[in-house]
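Below you'll find the structure I mean.
Chain IDs A, B, C and D follow the sequence of writing; residue 1 opens each chain.
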Amino acid sequence: MSGVEQKALFDWLCRMGDNCLILGHRVSEWCGHSPVLEEDIALANTALDLIGQTQLWLGLAGEVEGAGRDADRLAYHRDAAQFRNVLLVERPNGDFGNTLMRQFLFDAWHMEMLRALQGSSDARVAEIAAKAAKEVAYHLERSADLVIRLGDGTEESHRRMQKALDLLWPYTGELFMGDAVDQAVAAAGIAPDPASLKAGWTTLVAEVMAEATLTVPTAPFQHKGGKAGRHTEALGFILADMQFLQRAYPGGVW
Amino acid sequence: MSGVEQKALFDWLCRMGDNCLILGHRVSEWCGHSPVLEEDIALANTALDLIGQTQLWLGLAGEVEGAGRDADRLAYHRDAAQFRNVLLVERPNGDFGNTLMRQFLFDAWHMEMLRALQGSSDARVAEIAAKAAKEVAYHLERSADLVIRLGDGTEESHRRMQKALDLLWPYTGELFMGDAVDQAVAAAGIAPDPASLKAGWTTLVAEVMAEATLTVPTAPFQHKGGKAGRHTEALGFILADMQFLQRAYPGGVW
Amino acid sequence: SEQERAFQDRIDRGEKIEPKEWMPEGYRKTLIRQIGQHAHSEIVGQLPEGNWITRAPTLERKAILLAKVQDEAGHGLYLYSAAETLGVSRDELLELLHNGKMKYSSIFNYPTLNWADIGTVGWLVDGAAIMNQVQLQKTSYGPYSRAMIRICKEESFHQRQGYDILLKMCLQGTAEQKEMAQDAMNRFWYPALMMFGPSDKDSVHSAQSMQWKIKINTNDELRQKFVDQTVPQAEYLGLTIPDANLKWNEEKGGYDFSEPDWDEFFEVINGNGPCNAERMEARVTAWEDGAWFRDGLMAHAKKQEARRASARMAAE
Amino acid sequence: SEQERAFQDRIDRGEKIEPKEWMPEGYRKTLIRQIGQHAHSEIVGQLPEGNWITRAPTLERKAILLAKVQDEAGHGLYLYSAAETLGVSRDELLELLHNGKMKYSSIFNYPTLNWADIGTVGWLVDGAAIMNQVQLQKTSYGPYSRAMIRICKEESFHQRQGYDILLKMCLQGTAEQKEMAQDAMNRFWYPALMMFGPSDKDSVHSAQSMQWKIKINTNDELRQKFVDQTVPQAEYLGLTIPDANLKWNEEKGGYDFSEPDWDEFFEVINGNGPCNAERMEARVTAWEDGAWFRDGLMAHAKKQEARRASARMAAE
């Protein structure tokens, strides 16, 4: 692997890992506060899967980088500008409908991505993807189902889900925007071109929203920046909590 | 000064400083989010005064300790268990009425305390108190006035203020509880016995609440712990934000 | 009565009582109270630990804590199901929790203030809970007993994970970390002892519950067992138990120790603990804010049912 | 008309127009829009800086930032008062802000992502604002001109404080801190240039505003002045301005530089910036959540008035 490719692969792996880490963090904020016990369980389970995937992606990122950073080092000792997650996953939880909608929009992309990655030219990537895909298939099944039921539920639940969709929609475009990093890993056969995932995602989202009686927004504006380290103001606060102990107690053993 | 007295004085100064620091932090969370522009200004001003007082108290604490810690070191490099503020000041902001009620209950104590401290046997303490008293007199005038106007305003504003008073009441008792630290500084003539402030405080609170048409709670239970470093779960999150930069960038120059 | 005597005979023979079978009203009520409280404790118990999930110091610790909190919610589910076999629904029980008519374990009214608290909660609180629950595997009500068997397996896992946090902090960690652990011990020791309930002589329900084998051991027996088990573990960690009277008693073959402050216990039970108000507010808010969600799912289910019905009609 | 000519003559002679005096409707409207936008900018401008108050790295920096944000709210107050002299109330203007019919400076739709952003906002954003405001001290409308004189004094203080943050970080700080500062520069440079508005040739209102001396300098003049002033300051900090075309032009005695991306500018103006939705949500939420507070104060004032009235009646 050339140095350039290695750097691109590292960046790309951080994107995968950071998406899982930050979404897992957001989901875990619900712990003990969800509308019904079954959801407490399901959310904890989702967060747990995502943190597990974080360990795999960031662990591999550290290996690829070869600078002695392991998954924890990457998770706990980078500041916001070094994080590579898409903005979607750092959006505040809002109400439970907003949390579910964010989960569905992400899961639908995540599933497409992991499917494609199982054919990666890098065996380690393919292996992680295969493991994660099993978990994410379940996440997607669950979030799609809930979006449908709540969209086509009461007037109130419909209103909330439509609002969530409208609010989150401008954060979905980034999932499919490619840059030099994406081109490099795509050229090496490691990962798909992000744009190639859009058709499948769009179809699934359209189907689910139709069944949920929700209207897919058409406004073209889309946020971006997360993949390059330009985040929203929310991320700094997430990291202040997440990293407190590691930052406050250097040399601690946990 | 004996070693014991010095330690007690240090602890006591931390209590004074930490009260200002943590309340200042809470108040500053409102910045740009208050119900009316005049309140944005007043709150920023209150927070500013409190941070200024923090610098004086913690600065003196550091001097007394003589271990090379300055006010910033004390503010930014202690964890929750080393903080000595009363629990009242770390209570979440809640609605604006709750914030005002917390401010009034604290200001009323703060004023009594600062008045007494102007006769401190320690000239440095008396000097800080004299300076702070001018600012706090204004805080108290303002918070008492608003509590009265909102208590005797609409039904809704009355309800909110009464709820705030009921919620915060069990956090006022700690202001008047003495311990070995208080005894030591009282014996040295540095600060009053906390219990001695209660009569004045109670009278003022009763007057203001009467004018505000609010009912002073009678339930006897009172929380404690903050003065000894046993806080509520809220403080850790406050510190995670407050201390992030100092913790994350050791050796930084700001 | 005849029925009551026959019932007691079955209990004495060690038979399990099953849902549809006759039971005295007092037995049913006591079980509902006990199982309900236990279920509530599991869900309220998510809060103090959940408080540290976003701040867990490593990814592995975060994952372990998430799994633990998930287990607790799961235990809540088993227990509400066990209570439902006695004719009371989960929603009814939750309403009693929310309006303050039912309690949860008072240990969860204490805050978690540093990361060592998470270890300590696992070690001491889950440890005390297990001590209670192990005996309850032998309880006379079948569904409760079976729930306990499942729960005990997971709990002992939790206890070991909690102890492991402290092993790391105390034996490999920095001086600051060890201080955290001692601070946690100082705060949790007596509340953990309180978990077994008041001394047998002051315990209202104990005698009847033991006769019905709803409880197997007395509060004091369990507390003694807990202390005897815990002291050497604390010694291994190098932590000091905050009790000047703690001393090995050769004669009784166990430790002598100070009673917790029972006034505090009753205060906390009655709402005056450090976190009672927050815990209840968190649960009630979650429930109220989630009403639209539950209503939405319900409405969807009805629509689906109606659609299926009209599809059947069309097909006929 | 005769009146309009006389009005223009007064302006041309450098006289100030005062509230009660006759003015063309267009003049009044233009002023209301400009002063209102400026006032809104001050209050929305509290948000990106307020975002770092709780995380300011030292007590002194926290105090300075609090004072600054307080000043901004104060500026908002002066400006709403100036607008009120034109017959529009603060509440009316706020309603126009909240329903999206009035704008605020689009710079505040960019996020503050690290502590150097606070320095950079002070240095570049306040710097650009001052460049605009200094000329406005000479504006033809009296109350506006006087508000500007007060504001300018405070703003130049803010700019120095912002630059001081960067001096510390860039000249005495760690490599990581310098990286933060460069990152902030990269993100804020073009948005700061946009603050002067589109190029004169594309600016709708400019010519008339200049004739009325509501504006004194053109957008392009001010932008050029800003770049010429800023480049050496950046050099002193050791920061690179993210513009490959930036070059001293001996002939014109100023720098050549790249235009900002005006498509982005218009997108952001039209709601599609990084933080537009958050900023508006924050302001609208603050206003709506505060309704009970404002109503309470109003109700109390009425009660007091009624009490005074009945006391007067009783006394008569």
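Here are a few things to note about the model shown:
In this text, a residue touches a chain if its C-beta (ideal position, glycine included) is under 8 Å from a C-beta of that chain, and two chains touch if they have at least 3 such contacts.
To keep track of the chains, here are their UniProt names: A, B = Phenylacetate-CoA oxygenase subunit PaaC.
Keep in mind that this is a model prediction, so the values were computed, not measured.
Contact tally for B-C versus B-D: the pair with more C-beta pairs in contact is B-D.
Most remote from chain B, judged by the distance between CA-atom centroids, is A. The mean-CA centres of chain A and chain D are about 37 angstrom from one another, to the nearest whole unit. One inter-chain figure worth recording: chain C and chain D are separated by 57 Å, centre to centre, where each centre is the mean of the chain's CA atoms.
Under the contact definition stated at the top, the residues of chain C that touch 2 or more other chains are 55, 176.
Residue positions of chain A with contacts to 2 or more other chains are 79, 236, 240-241, 244. Chain contacts here follow an irregular pattern that is not a line, a ring, a star or a complete set. All chain pairs that count as touching, in label order, are A-B, A-C, A-D, B-C, B-D. Residues of chain D touching chain A in their complex: 48, 51, 55, 111-114, 176, 179-180, 183, 187, 267, 271-272, 274-275, 277-278. Listing the residues of chain C that touch chain A in their complex gives 43, 46-47, 50, 53-63, 66-67, 69-70, 73-74, 76-77, 80, 90, 115, 165, 168-169, 172-174, 176-177, 282, 285-287, 289-301, 303.
Within the complex formed with chain D, the residues of chain A that make contact are 79-81, 167, 170, 221, 223, 225, 230-233, 235-236, 240. Residue ranges of chain A in contact with chain B, taken from their complex: 79, 236-237, 239-241, 243-244, 247-248, 250. On the side of chain A, the complex with chain C involves touching residues 21, 25, 28-29, 31-41, 44-45, 47-48, 51-52, 54-55, 58, 71-72, 75-76, 95-97, 148-150, 152-154, 156-158, 160, 238, 241-242, 244-246, 249, 251-254.
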